[in-house]
Amino acid sequence: MKKKVLAVLLSAAMVMSLAACGGGGGGDAKTDDGGSAADSGTTAADDNAGSDDSAGGDKGYSFEIIVKSFQSTYWQAAVQGIEQACGELGVKANSNGPANESDIADQITMINDAIEKKPDGIGLAACDTKSVVDSLQKALEAGIPVVCFDTGVDEAPEGSVYATVATDNEAAGAVAAENMFPVIEEKIKAATTDKKVRIGEVNQDATALNIQQRGKGFINKMLELCTDAGKKVAVVGNEYYVNATEGTVAEGEAEVIIEVGVPAQTTVDLASTEAQKIMSKDDTIAIFGSNQTTAEGVITANQTLNKLAADPAEGIIGVGFDAGTPQKEAITNGQFIGSVTQSPLMMGYECIYTLTDIADGKDVSDLPMDGYWYNKDNMEAEDIAPNLYD
Amino acid sequence: MANKKAFGKLKGREAMVLGIVIAMVVLFSILSPTFRSYPTFVSVLDNSYYITLMALGVTFPLITGGVDLSIGTGLVSYALIGGYLVVHKGVPIGVGILVCILVGLLIGVFNGVLVAVMDLPPFLATLCTCMITRGLGPALCSSMGVSWPSALSEQGAFRKIFKFTSASGTVIPIGIVFMIVLVVIMSFVLDHTRVGRYILAIGSNKEATRLAGVNVKFYHMMAYMISGLFAGMAGVAYAATYATIYPGSGAGFELDAIGGAIVGGVSASGGVGTILGTFLGVFVICLMKVGLPFIGLQANWQQIFTGIVLIAAVLVDVVKKKK
Amino acid sequence: MKVEKIKQNAFVKKVGFNRIVLIFVLLLMYLAFGVLTGGSFFGFSRISNTLNYVYFLGFLSLGVTFVIATGGIDFSIGPVMFCCSLVSGYCLTTYGVPMAISLVMSILIGVLFGFFNGYLVAYWKVPPFIVSMASMNIAKGIAAVFTKTQSVSWPQSTTADGWYRNFVSMNGIPIGLFIFLAVSVVCAVVLNKTKWGRYILCLGSNEEAVRLSGVNVKRWKMLAYIICGTLVGIASIFFVAAYTTVQPGYGDQYNNEAIAGCVMGGTSMAGGLASISGTVIGVIIISLLQQGILALGFTKEYQYIITGLIVIAAVYSDVSARRRKN
Amino acid sequence: MGDIILTMKGIDKSFPGVHALDHVDLEVRKGEVLALMGENGAGKSTLMKVLTGIYKKDSGTITYEGKEVEFKNTREAQDAGIVIVHQELNMLGHLTVAQNLFIGREFKKGIRIDDRKMNEEAQKLFERLNVNIDPRETMSNLTVGKQQMCEIAKAVSFDAKVIIFDEPSAALTESEIEEMFKIIRDLKKKDIAMVYISHRMDEIKVITDRVTVMRDGTYVGTLITEKCTKEDIINMMVGRVIYEDPKTESAVPKDAPVVLKVEHLNAGRMVQDVSFELHKGEILGFSGLMGAGRTETARALFGADPKESGDIYINGNKVTINNPQDAVNCGIGYLSEDRKRYGIVVQKTVAENTTMASMNDFMNGIFINKNKEKEVADKYVEALATKTPDVDQLVVNLSGGNQQKVVIAKWLTRNSDILIFDEPTRGIDVGAKNEIYKLMNRLVAEGKSIIMISSEMTEILRMSDRIVVMCEGKKTGELDISEAKQETIMNLATREIE
């Protein structure tokens, strides 16, 4: 029995000591990245922050930032922006996020936890737009202002969300379609019912609203462009997207097919299987991966298939979304003709500025962010490069 | 005479699984023209490497009558740690790979100590390690996703271990050669060395093995070390095949590997199993993963089928035993 | 001599030494986290907040306790829970099935999976580990196929159908706590005071002896899985009542936590020994641990690592205690 | 008789609360078979475990081949030439015979295990011992007897100088025992010393040279086998005289009604066309050698194993018994030979085990009526004189005889009229044995009927009213106790074996 008590006590002690040393390590790692990109976002900062903040100064506010996860480098970039803004404004921001973008439950816990800490404001990138509603209500009751970034929460209780800093995902998806279309226009025009052409899209599991919107934005725009070109279009694959589009025809009658593949889980291996399935079909002329994971799935699939090419005559046209090293390389070496990027860094950055403004008692408003098209030629451009995180 | 019968039975299971693999290939090829192409063949292999490696490793704990649930989250963790060192700390790629494998081995030792020395139920002990490894990688790499160097970059040559792309664009899946070599080596280890013999013996009757003067704890631990080592290697294979390692993923990978081993005839109660069987069993699982989308089924069906195949595989044993 | 000692501590005997240790650990942890977080951990709102989001885990743990009591394991509880809320939620939002029926459906789907698992384990003698691995895949697959890989959001509290969220808490009254405790009491009664529980525990300890006593062991074994399935169904209701949204393809992570809670409470993986009150305390310890680690400002990763280590410590103390007894 | 090879002197060993060995002496000579006898718990196994290094002795000396030794583990003892053939078989069912023989000391070629050489060596060994076993056969495919031979062969292969047999015959058939004795005589000629632990008096007489008797952890004395009688040994073992008077006449009236009738029961190789009747108030003995199919018959009758055909009548009515539930509902109770596996749930209390088969009588609505349960359990603890502090005691803490009483209580609680006792006194010491016998007699006097399967001839002759003899799955005879003699039974039990 004694031994048992001892074991329990030991384990308790273990928690404490682990917690103590673990905490230090985590903190260090984060501050490391803070200053490195300090010069990148200044133009935007001037636009927004106004003259009285130009000196930086020490405001002493503390904010809680909750991102979707740290899984992809996208969020690392966002945190970078946050820390950059913090440095400039002299405020503190504590970032946290679940292990996986699908851990809705964990994120809720984190938000509630953040509210308990009674910060001056909360910056939130919601994993799921519906389940956070209750927590936002709590924040409202506790009088803590919330700024949503990356993803807006449509059903938020009146007055809880002060401003939203987010990409218009439907428009961003459309950007991908608009840039893809001219390249493959010839092929689409040549398509007949007997000699169909196929455009693929790989979407991460259609759970998060913004990826859904992105996917739909792409499909609708492509549909519109093809229909304008006088072609009959069918959407096949995942039933959600098939049912969500209008103005399509049955697969047999169509000249252009848009095929949507959705992997069962957000893993690269399943994403690449889906991409492979579409790319190995003979009539496929183009493919779009609608976020970092799925775009990398397309690249992985191509490692075997070797079908991606910059010229429609030589192979399949690839378009991606977001950034990350593999995707940037794919663009450089001509596998992708380009990608759409959001500006996570700017979103994080603006989020802190907005929060500080609220704390200062200023009026704030929503800040829509654009999706930028980037390709081999403009990757180095000043307004693009900072958003192309590794 | 009786010996021949026993031998035949063992072969029978492997032959059956091989038959299933062939039947699946034939079926998918008939149903989907795009399936019967060389690239698809390569991609099935691509998807199989890390699962094969995990399965080869986990066969050993399974044979002792235990299980190792930590390999899935483990391999992601190891790949993260190795990749983090390479990408962010400028460590040479070789060292990164070595670290990846060594951390795997280390966790294997940890599992071994829990199960063999401290005598914890393997299921529970490795479940805990599964949680620990899930957190370990992200914690050490400040939660970042890591992209190992791509095939085109200077350090990306390691990816060619598994898939060699010639200048003309022909893809040669040399990974499969390594897998076969490993299958031969591990078959030898299992069937013709002390380690394998004692691991089989432990699975058959641990107490009797102990009384025979065998250092049971050591060999029991060895099974988990092999499992950890192969999980480390699976981490390398995973990093070589896929572009980016995302922290927090990996839960559930182990089930593909364990499922493959079980389908291949490893007994869930220990004592029985062959490496060749495991190897073939993995292909049943992988073909299902890659093949089902090709024949027009939405991705989710593969999970339902995997479940059914697993139960079917075990039922074959149950029915056989009844006879 | 020994007898006397036990008599002296009648209270200890009644409550059980294990539970006293557990409660002690619980209090210690609570205090430690409270002090470390500068007191913000002590508040009532904090506690009830925390609890609202862990009831589902409690139900899962209760369910899996029955299965582990038979010497089996159920690895599919998390994904099955998601399958329940996804399928019934999809019917609710897409086909306009009334809320009450959807809730009943959630439970029924859980029961169905319990039946499936139990039938395979008890009647076809497939090892429980494999059965649950399979049914985990099947649950995920069915949920995803049914919902076309879309997440499902149950109605918000402000809508007409939002009343189901009152199960968790209504106007600040922790209804969920009452329901959870009530269900725990029912479970404890079932396990300790009824024929069902008696047979489930006995067959977990020595199935053949029970069979040769003329007991239909298959039926009782299956029953344990069905009870588990029912509780998983209930858990699914509490999950959506707390979080509203469920997405297909997930749920595995809750297996570990639920099993960990159960094992922390002293239920033996070898079967035959199970305690509902232990499970309740165990699951609270696990949740408190997770909340506490978050409150200390650590990321999720540390929570995984520490939970893993703690469970190892708990199991080791249990195993070594039992080894000394023999 | 050869020189002394092993001497243990003043061996003392205590466990918490138990003085297991109290200055025990033992002396073994080359080329002899020394019987080590004593009741259960006398300390025989403990002594042997001390010898082979499993336990560490508290004091005393062990002299082996003239040198004082102290082995740290079985491996060291083996290397020195002292090997145990265990009571419970230590085989690895999934491995082959040769692999089993050489486990822990495989022949190697580099890092490769040389299986071929192992097979050859095993073959040579078997030839030397004159047994016919294929070294390449999977162990679990062998009969229990052959497996035992493998164990002995393994001991021999260690170049053992001292071999300890721990109840080697428990699972063997008569012919297998004979085969084993041949090997033992062979080994004797090779000057190997053997310690033979057994409860079977007849074997002791046949095979051993000297008998050392232990009682309650102490050394009682050593006798020359040839010069002593069974009674001498038993007296030394128990310190009190046991009367093993056989029954001479059936106590059952001729016209007692038939409560159970079994016709043409078939269940696999071990149960072929078995028919018999059981009268009210009768003890029907089932005699035969190990593996004669008696237990299998009982299990098939009880529905524990599937049967192929056969009719069962209870009190003249035909009944269907497909599983134990049916049997229990027909009023049959089965007390297995292997209590721990088939009889009791050791981790549960006496009360819980008592009511296991009759839960429905203890329900109060949906709840278990624990008061009534305790009441009934108390009643049987008293009636059967079960030694337990209270009914809340876990059964694992009770001794074998008392565990058996709990199983009996279980069936009495269920009101079973027909009780099948399968080896009711196996593993139970002599004192407790008599109590079980008394109890059985009391039960039949109260109108119960008993089928008793027993391998002990004295038990059969002492308890039965009638005797059914089985051999190789067939019923070979049925005798009234008045005409039953050891020789007749033995004759029937071995009739088909030439």
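Per-chain residue numbering starts at 1, and chain names A, B, C and D are given in the order in which the chains are listed.
Here, a residue touches a chain if its C-beta (ideal position, glycine included) is under 8 Å from a C-beta of that chain, and two chains touch if they have at least 3 such contacts.
All figures in this text were calculated on a predicted structure; none of them were measured in a lab.
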| item | value |
| --- | --- |
| Graph separation of chain A and chain B (steps between touching chains) | 1 |
| Which of B-D and A-C has more C-beta pairs touching across its chains | A-C |
| Euclidean distance of C-alpha centroids - chain C vs chain D, Å | 44 |
| Centre-of-Cα separation between chain D and chain A, whole angstrom | 72 |
| Distance from chain C to chain A - Cα centre to Cα centre, in angstrom | 34 |
| Junction residues of chain B, two or more chains touched | 134-135, 138-139, 143, 247-248, 252, 298-300, 302-303 |
| Shared interface positions of chain C, touching two or more other chains | 140-141, 144, 148-149, 248-249, 253, 299-302, 304-305, 309, 316 |
| Touching two or more other chains - residue numbers and ranges from chain A | 22, 26, 70, 97-99, 103, 238-239, 262, 264-266 |
| Each pair of chains that touches, named by its two labels | A-B, A-C, B-C, B-D, C-D |
| Chain B-touching residues of chain A, taken from the complex the two chains share | 22, 25-26, 29-30, 32, 69-73, 76, 97-100, 103, 237-239, 261-270, 272-274, 276-277, 280-282, 292-293, 296, 299-301, 303-306, 324-326, 329, 333, 390 |
| Interface residues, chain C side, partner chain D - complex | 3, 189, 193-195, 198-199, 201-202, 205-206, 208-216, 272-273 |
| Chain C contact footprint on chain D (complex, rising order) | 302, 304, 323-325, 327-329, 334, 336, 341-348, 352, 356-357, 359-360, 363, 366-368, 370, 389, 410, 414 |
| For the chain B and chain A complex, residues of the former touching the latter | 34, 37, 39-40, 42-43, 46-47, 134-135, 138-139, 142-145, 147, 150-153, 163, 165, 169, 171, 241-244, 246-249, 252, 289-290, 293-294, 298-300, 302-303 |
| Interface residues, chain B side, partner chain D - complex | 1-3, 6, 188, 192-194, 197-198, 200-201, 203-205, 207-209, 211-214, 271-272 |
